[in-house]
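These notes are about the structure you will find just below.
Which chain is which? They are A, B, C, D and E, in the order written, and residues in each are numbered from 1.
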Amino acid sequence: QAEDLTGKTVKFGAIVPASGPFAEWGRANTVALKMLEKQVNEAGGINGAKMEIVIYDDGAKPAQAVSMLRKLADDDQVLAVAGPATSSAVEVAFPVANQLGIVSVSQNSSKPGVAAANRPWGFRNTVDEAKLARLVVPFFAKTFDVKKAAIIYDAKDATASAAGAKIFPQILADNGIENLDADTPISFNTGDLDVSAQVTKLRSLQPDAVVLSADYSQAITVLREMKRQGMKTPVVGSTQLMSSAILAAYPELPIVAPTTFFAGLDVPAVKTFTDGVTPLMRAEKNLPGTIEPSLFDANIYEIVSLFAQAAKEAGVTAAPADLAADRTRIRDYMASESDFVGLGGKVRFAADGDAVKSFFIVQAKDGKWTSLETACSSPEADACAQ
Amino acid sequence: MGVSIFIQQVLNGLTLGAVYTLIALAFSLVMGILGILNLAISEIFMIGAFIGFSLIMSGVPVWLALPGAMAVAAVISMVIARIGYEPLRNASHITPMLSTLGFSMILQNFATNTWGSDPMQLTLEGWLDTRFHFGLVSLSVVQIVVFAVTLGLCVLTALLIQRTDIGRGLRAVAENRDVSRILGVRPRRMILVAFALSGLLAGAAGVLVGLHYSVITPYIGVDIGLKAIAVMIVGGATNIWGALLAGPIIGILEVLTVAYGGAAMRDFIVYGMMIAILLVRPQGLLGGSSKTSGGRV
Amino acid sequence: MANVLEFHDVDQSFGGIKALTDVSFDIPQACITGIIGPNGAGKTTIFNVITGAYRPDRGSVRLNGQEILGLAPYRIARAGISRTFQNIRLFASMTVWEHMLLSQAPRTPMLSRILPSRAVAERGERMMELFGISAVRDRIAVSLPYGVQRKVEMARAYAMEPKLLLLDEPVAGMNHDEAEDLRQTLQGLRDKGLSILIIEHDMRFMMNLCDEMHVMNYGRKIAGGRPAEIQRDPAVIAAYLGEDA
Amino acid sequence: MMSSYQAGLVADGSILLLGALSVYVILSTGQLSLGNAGFMAIGAYLSSWLTVSAGMPLTPAIVVSAAVSAVFGLIIGFPALRLKGLYLAMATLGFGEMVRTFFLNFEPTGGAGGFSGMEHVPLWYILGWTAFVLACVMICERTRWWLEIRAVNDDELAAGLVGMNTTVTKLMAFMTGAAIAAVAGALLAHQNLYIEPGNFGFDRSTEFVLAMILGGSSLAAGSIVGAALLIMLPELLRDFVDWRIAIFGALLVAVLLVRRQGILDRNVFGLAKFWRRAN
Amino acid sequence: MILSVHDLKVNYGAIPGIRKIDFDVNEGEIVALIGANGAGKSTTMRAITGLLPFQGRVVYRGRDLAPMHAERNLANGLALVPEGRGILTRMTVEENLRMGGYLRRDKAQLETEIVATYERFAILGERRSGIAGFLSGGEQQILAIARALLARPKLLLLDEPSLGLAPMMTAQIFDFISEFRKQGLTVLLAEQKSKHSLAIADRAFLFSMGEVVASGAARDLAEGSLIRNTMMALV
């Protein structure tokens, strides 16, 4: 059915935070995308057409994310966009995606309900924190024999505060775990260096476990303070904790989190990806020499791979006149049951726009993440079957 | 239990307050005297932290890393004085403030590109890692170092400003450049001195913060910087001792709000208190009263 | 003749300094009244009390019988007292012409301040002519020579259509001829009914100008009367004029 | 025809221009406000709540928000009367941070999770408001009333002594500035369709000040240039990738050094007048 | 000759401040610069002192002065009492006087001279720890002159020193100055009130529209009708 597109170019866009507080994410994302572009084109492109990924930086700022989405859609005439990353940017960008009729797929955003509110063009290749937490907490409680726990969260981060203030308390209650700070929640603000007061308070509650709902860069501050105050309570958190940087913060402490990807995962596709991209990232001047690909790199790699597959199979024409039709084709392909296989297994998108994929419950141990258990983000049986 | 937690919290607050005090001093050296808000001080503080970190990580002892980072910070501050302040001295006081904002962007971008945006972590070893325990209360050697250095630098700065010709010269330049020149003061040199001193203090604060919290990112400057400005204002920008009083007040207030209220309300309380103090004492707690501003008809 | 201003029993101190002690005098309508005295005697302080810049410890100041002590400075100005400053205070961003427009604004209602007005423009022109500053109308006022700035200040003060004009050392920085011109201008204004209170150290100028004079020393009024009497008063000679004056 | 990308930039620029004007009006009386993002937040949240939860049409919602924000301007303006220079700037900064923290904790408008559900406004609507506000300010600038505002800036004491009610002037400036910032906030909310407390931080307030000072703080028209520059520059510097922000900062310093009174100043117009008269 | 000025020219942007000024001052003299408003007296003084960029030559004690070096010129003994007094209003009277001796090394001697100043001008003594900005206009003028003399200048430039001074105080100030003259002080004086300054000056130069239009012994100028005529012609 697909026509031969030799000589043409199929363009996709990507919006990454390559400057500002998440610069490292964006810069690593860029490396992963460049690699993918090369791989696809070396393998014959998209039905003969060259694939091109136009990458813009939004500095994790909502206004710039929107500008870039418009620029990609209008000036660059891309067929679909990967990104933006942060939930704040996504909240503003998805309505514009709907307005313009172009797919926008976030690689990071895990704030509950964002894609669901922006049908039909907004998607997220992430799993809602609520779904993950529901499976992680019981597992964690059993493993560490948790009867009472205390929650600490980043009140300024929309995702972390939604999880910390609403989702985790509910899940603790559902699992019969006493929430020690239910009345006076312990929180801090993004960018805080000093969380000594919070940790002193946590310590004074003497919990069996600490629920840490924060982005890893903020979580490190908390873990460090726990270390300084000699607090040895196991920690459980959300996907936001996933980063190799967490591993160095408090190596003696068991830290458990859910994720759909981590660099040491023993799956062939992941190994190939990691082995391919790690040296490229480490060769970049603006990235640290010890960097490892993160969950977000895997996610954005999957997103554009999926675009490529959609373009191939749904038969885009890459003709300027068919732009709107091509975009719709990609959207329809994404919304339908497909057989796309990502790095960690099958990936599809539920009606709420979020990914359905398998995930792993991992624990930090000896400076690495170790997988403890595999699960599926969808309650339906075999939704994640390989 | 309740009491020792409280004491621990007060100690936490004092440590935080000491950090604020140092940065507030750095601000007030240029603001209290020259009347300009050097927003880049936040970033100089951050760079100081990174330089200190890098030096310590590469094996330089702390007693050498501290002055090293302070020196680098002072040089950056002097560059800002020459390029970002001097040529703009005749413009309204907002213009140099914005040019220092430009420098903050440069410094932050530089740090992101040099050290990455992810947190940089330091593992302390040897005597620095020691902690003393008094029942449930604990105090680290680094905390003691933070207190001692803060107090020492405060006293030195105050002596310099209040007891020497340099202090008078600085105030003269601030009030009227031409008049100070016909009295023999060299404005360019004076301003360089003020900026250098302020850089030294910010750099010291950076290293101490790095040591104490042992995690830093290129973005630590902004929030702490704003708080430090609040501390300077609460204490009274024209009085060096103001920062020494207001730093611990704000530090403890902040920590106690977090401990017994909630972090979410913290900034609300802190800035609310700042405004309240300004309403009662428009020149800050120790700032000279408006009488000394010298206006008469 | 009625008094425009009655300044009665005023004490003013600053910390330990008694700037005015029990000072009283009246300013008759359509008269030029002078205040002289050594440096720091309290002359400018009298102006500051009248215009509301200072709140005295005690006393009463009445403008046409109305108490004005305690009113906000802008209210006193609107009630008809305008002044110049010993340390010239012009608006740094404004041209001479803008000073003329501005000074007429406060007494008019809001709406007329927004709409352009021919009457205001005409009065502005007249003020500049009166004080001889039309030639510099578009210059930023503070960049003018010292003496010219004084004239701008006077024009600004007079443009407010005051009942009482307070002048603090107006001829400082003017040469003899300019002072003479100013004397004639001021006497002309007096003849049209304006009351003027003036501080000046130039005795020759004052003798020719004033209808009446008060002498201050160390915060107290030591003499008052016609210029010729003042000039012969031994207390005044000792405190202020010196033997050879 | 404008692409939607360009249209988006124009909308962003208009909103920034309104923000800059809100600072300009207050600064004209010599008071630096570093808290206008707070007024903007009030406008954004209140107008959004009115349109989404109370079902009010947008234009009256904006007017109401502006009025409420003006009341807050009055409340913050009163204490501001006692403060001078950077002390005042800090108090306004504190106010801005307090408003932000308030919305962070205020669950009825979503707290940290933000607020959404607004209807999109067309570009012409944003431009209309901007043009209206700009025209008002520029007309005021030519009146004698504006001379009073400048007089308060130049020498507050002398202004009082030559008969100006400086208290009223300063408070009016604060109220007007607060109202304009609220309009900017309302337009932002209905342009982005999602707002969160993080949108209204210190960086937003400084951006306003920056736009105004860069463009020229002695006349409203300057803010147009400043806002345009601030919106365009980051886009033009995209090629520099990693060093984009540093280069932006350096250019900023360079512009300030070359034109320390801002890109436009009163003389530009003064010259034009001079030219006309000469011919 | 302690100072000679050749072809001095200063512009304020597009506005000419002075066009062409030539004059000289001999060691130990009092020289008066007189002329109407805007004639350029203040501009000349500020340029010589090193506060303004200028064209032309200023030769002070045999050496050419570079523009804009007020600090260095003071170190070489050239002090200015500026128009408008230039008091540091936020400092105390005592601190202002101390600033007068900022460059002096003999701080002990300076202290005794400050005490002597207080004795001579009782007003300053009474207010030594008061904020200078609150002094009356005349008191500030006294402070400014006293402060300049504490720098031990060789050449003192006084811009309208009698501005705001009561007649007796003017006399006292000039007494004070003539005392310093005996110790080798030279004075350059700018005054509007020609009568006043001509009475104490040795020589005078008449300025008009930024140029020197007449000069001579002060006594001659005072008596002759030259000033009056020149001024009339130019106004």
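Note that contacts are C-beta pairs under 8 Å (C-beta built on N, C-alpha and C of every residue); 3 or more make two chains touch, one makes a residue touch a chain.
Quick caveat: nothing in here was measured; it's all calculated off a predicted structure.
Enquirer: What's the farthest chain from subunit C if centres are computed as the mean of the Cα atoms?
Expert: Farthest chain from subunit C, going by C-alpha centroids: A.
Enquirer: Which chain's mean C-alpha position is the greatest distance from subunit E's?
Expert: A
Enquirer: Nearest whole angstrom, what separates the Cα centre of subunit A from the Cα centre of subunit D?
Expert: One centre to the other, that is 36 Å.
Enquirer: Using Cα averages as centroids, what's the distance between subunit B and subunit C in whole Å?
Expert: 49
Enquirer: Would you kindly tell me how far, in whole Å, the mean C-alpha position of subunit D lies from that of subunit C?
Expert: So the centre of subunit C lies 42 Å away from the centre of subunit D.
Enquirer: Give the residues of subunit C touching no fewer than two other chains, as numbers and ranges.
Expert: Expected reply: 44, 53, 85, 87, 89.
Enquirer: Among the residues of subunit D, which are close enough to touch at least two other chains?
Expert: If we look for residues of subunit D contacting two or more partner chains, we find 104, 157, 161, 242, 244-245.
Enquirer: Would you please write down the residue numbers of subunit A that are in contact with two or more other chains?
Expert: 19-20, 155, 286
Enquirer: Identify every two-chain combination in which the chains touch.
Expert: A-B, A-D, B-C, B-D, B-E, C-D, C-E
Enquirer: Per the contact definition, I'd like the list of subunit B residues that touch subunit C in the complex.
Expert: Against subunit C, the touching part of subunit B is residues 297.
Enquirer: Enumerate the contact residues on subunit C facing subunit E in the complex.
Expert: Of all residues in subunit C, those touching subunit E are 14, 17, 37-40, 43-44, 86-87, 143-148, 169, 172-178, 201-203, 240-242, 245.
Enquirer: List the residues on subunit B that touch subunit E in their complex, please.
Expert: Counting only subunit B, the residues touching subunit E are 165, 168-169, 171-172, 175-176, 178-186, 291-296.
Enquirer: Going by the contact rule at the top, pick out the subunit B residues touching subunit A in the complex.
Expert: Contact set of subunit B toward subunit A: 1, 5, 8-9, 12-13, 15-16, 19, 109, 112-113, 116-119, 121, 131, 138, 140, 209, 213-220, 222-224, 254-256, 258-259, 261-264, 266-267.
Enquirer: Which stretch or stretches of subunit D touch subunit A in the complex?
Expert: Going by the criterion above, the answer is residues 3-5, 7-9, 12, 104, 111-114, 116, 120, 192-194, 196-199, 234-235, 238, 241-242, 244-245.
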